[in-house]
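There are structures below to look over.
Both complexes shown next keep chain A, but they swap its partner, so chain B is in the first and chain C is in the second.
Then we have the complex of A and B:
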């Protein structure tokens, strides 16, 4: 069993897709590197921190991208963003079974400022255009750096999210909240607090993650295969239903101060024990209790 | 940032159809290494972009040792470094060659 959390972006892609099926677009040998980092006297990566390409999953054609958190926290620069947009636009032409986004990103690469911001907004638009063309976009989130900022928004614009307990998903990350609002608001060094607030189990309980799996690439692969037949629904009815659901969630949990309060309100017995459960027993215990 | 280039002569040419290999990550204390076959008239060319200035002599020593272990020719080695220590650089170079040559020499 290979840990998804410990693996590099390349290892994740190789083990997630059918063996030997991955073909990379714009590989490192093309040297399409960031034009901004050189100006800032900062070493660039040959793939700009994201690997894009095609392969098969359970025999079906997919396009896939994996962000490498080890390079600048997986942050989206101009080239990085353009590679993701190009992949999503290619999918509109090729109509694969799905596009898989193996996200691991702190959001916009601030070194590249507006170019990174524009990149993220283009990714969002490309995701929605692809979904409206009928191709599902599936997110896998279980890397060391989580998925925050603009990529957190991108993830929630997709059809489904698979997370491990180790995965994290949010808008502002814990360090950003602490820096801007103070340690009293959020202590980013309190690991238990961080994981029960932005970690995979909480996201699954809130209904934001569609599957919660153990931290191994095989489990992510199995979940991704089970989601291949997801049908994108961007109808006004679906959006209205989603908004009503979010409104009800705010009404029900808006006064909670901690994820534990929410888990209690969901009717889960002994909620303080949830972080200790393995993925399978956790999913079984909370069945029928998710928001 | 500093750009360093080195060349080594006297190695054995590798098969020009061999697939390039990429190892490592451009992260603090780490580096990425890309090895590609290229007709270089029997040379092994190394190009390094490093965040740490002033370590040219150390790089030269590490690469001399590397070339003594792996006498490659007609190979281009490209490195993006963020202050990896000499030990890490040596391990990554060995890993890159192992992947490039498919675990056998």
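Then we have the complex of A and C:
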């Protein structure tokens, strides 16, 4: 079993999709690098930290992108963002069964902050336009850098999110909050606190993630296959339901200080034991208790 | 410019807008008819409650003012003054990114139902707060004196370990990382700066026919973002 967390973006794609089916667009041989990094004498990458292409999943055509956390934490720059936008627009032309986003990103790349921010905004618009056209977008989140910043918003614009316990999802990363607001607000070195605040299990319990799987690529693959028939729904009924759900979350958990308080409020016995459970037993234990 | 003065200039024929804390919403009379207004003041940090409230207002507008045979769907004007997303552990615990995404989805619903969405940065727009507001409009405009950024240069220098002097030097010729509404104009995120008669600018913006996301094209035409359009196009049409 290959760990999703430890694997590179390329390894994840190769093992997630049907064997040998992945074909990359604008591969590293095309050498599309970020001129902005070059200008700042910062090492650049020939794929700008994201791999985009097509393949099949369970025999069905998909388009897929994988961000490489090993390069600048998967941060979005001009080229990186444009590759994702191009892939999402291609999906509007081709109507594959789904688009898979293997996210791993700290958000906007500061070396090209304006271009990155605008790029993220274009990704957001492209995801929404694609879903409006009926193509589902599925997110897989289990990499070392998690999914933060604007990519955290992008992830929640999609149809479904698959996470491992090791995956993290949020907007402002713990380090950013600690640096800005102080260690009393968020101690980013307190790993247990970080995991239970932004980690996969809490996101699953809250209803932010749709599936929680063990940290191996095969488990992610299985979950992605099971979600292939998701039908995008941006109707007023669907969004009203989502609105009510988010409103209820604020009402019920708005005064909670810690994930443990939320898990207790969900009626889970001995919530402090949840972080220790393996994915399968965790999912079984919390069945029917998710928000 | 403060929000009340701005509303008077945008809607000389009158507006009914209710302020509540950092949030406001209501209706203005433009020469093209009624416009729904949603906004914030005092460089509001956008946290879960504010994003939720704005989304609720968008849903209400979609429900109550849809397109009719004799009247188009009511346009939405976003007037959001924000210092960025609210930085707190509680917001993260509650899934602030999900609340912002919800707002974005509600605006997409409005767009799909024919509501025009105009964004005007009238004071400040920063990072995640910008992403979750004016950048979601069909077109985003700004007042010339407004401030737009991801991060100031000293903080950027600390994090990237690039000397501040180097960043300051480069920012004279490159719009790509430094704060400034002019940079966002050049890169295509801001369509135009509004000067002169603001009610007239609004009327012109409301007359723009629906279009796709053209920001890459504007960025390229203005020589501020030379790669984004071409790279996206290559991926879209690559062989295989």
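Assume the second predicted complex is superposed on the first by the 291 of 291 C-alpha atoms of A that agree within 3 Å, B and C clash if a C-alpha of one lies under 4 Å from a C-alpha of the other, contacts with A are read in each partner's own complex, and residues count from 1 in each chain.
The definition used in the following text is that a residue touches a chain if its C-beta (ideal position, glycine included) is under 8 Å from a C-beta of that chain, and two chains touch if they have at least 3 such contacts.
Note that the structure is a prediction, hence the values are computed from the model and not measured.
Asks: Identify the partner contact of A:29: answer first if only chain B is touched, second if only chain C is, both if each is, neither if none is.
Replies: The answer is first: A:29 touches chain B but not chain C.
Asks: Is A:281 contacted by the first partner chain B, the second partner chain C, both or neither?
Replies: neither
Asks: Tell me the contact category for A:70 with respect to chain B and chain C: first, second, both or neither.
Replies: After superposing on A, A:70 lies in contact with chain B but is clear of chain C.
Asks: According to the contact criterion defined above, which of chain B and chain C contacts more residues of chain A?
Replies: After superposition, C is the partner touching more of chain A.
Asks: Tell me the contact category for A:44 with respect to chain B and chain C: first, second, both or neither.
Replies: first
Asks: Given the touch rule stated above, what does A:241 touch, chain B (first), chain C (second), both, or neither?
Replies: A:241 sits against neither chain B nor chain C.
Asks: Could you say whether A:149 touches chain B, chain C, both of them, or neither, answering first, second, both or neither?
Replies: Once the two structures are laid over each other on A, A:149 reaches chain C alone.
Asks: What residues on chain A does chain C touch that chain B touches too?
Replies: Residues 42 of chain A touch both chain B and chain C.
Asks: Give every residue of chain C touching chain A within the complex, in rising order.
Replies: Spelled out, the residues of chain C in touch with chain A are 48-49, 52, 55-56, 59, 62-63, 85, 87-102, 104-106, 108-109, 112-113, 127-128, 130-132, 135-136, 149-151, 156, 159-160, 162, 166, 170, 174-178, 183-184, 187-189, 212-213, 215-216, 219, 225-238, 240.
Asks: Which part of chain A faces chain C closely enough to touch in the complex?
Replies: 23, 25-26, 32, 35-36, 39-40, 42, 52, 54, 78-79, 81-83, 85-87, 89-90, 93, 108, 110-122, 124-126, 128-129, 132, 149-150, 152-157, 169-172, 174, 176-177, 180-181, 185-186, 197-198, 202-203, 206, 208, 234-236, 239-240, 242-243, 246-247, 249-250, 253-254, 256-259, 262
Asks: Mind listing the chain A positions that touch chain B in their complex?
Replies: Chain A reaches chain B through residues 8, 10, 27-29, 31, 38, 41-47, 49, 68, 70-72.
Asks: Using the touch definition up top, name the residues of chain B that touch chain A in the complex.
Replies: Against chain A, the touching part of chain B is residues 1, 20, 22, 25-27, 30, 32, 34, 36, 49-51, 78, 80-82.
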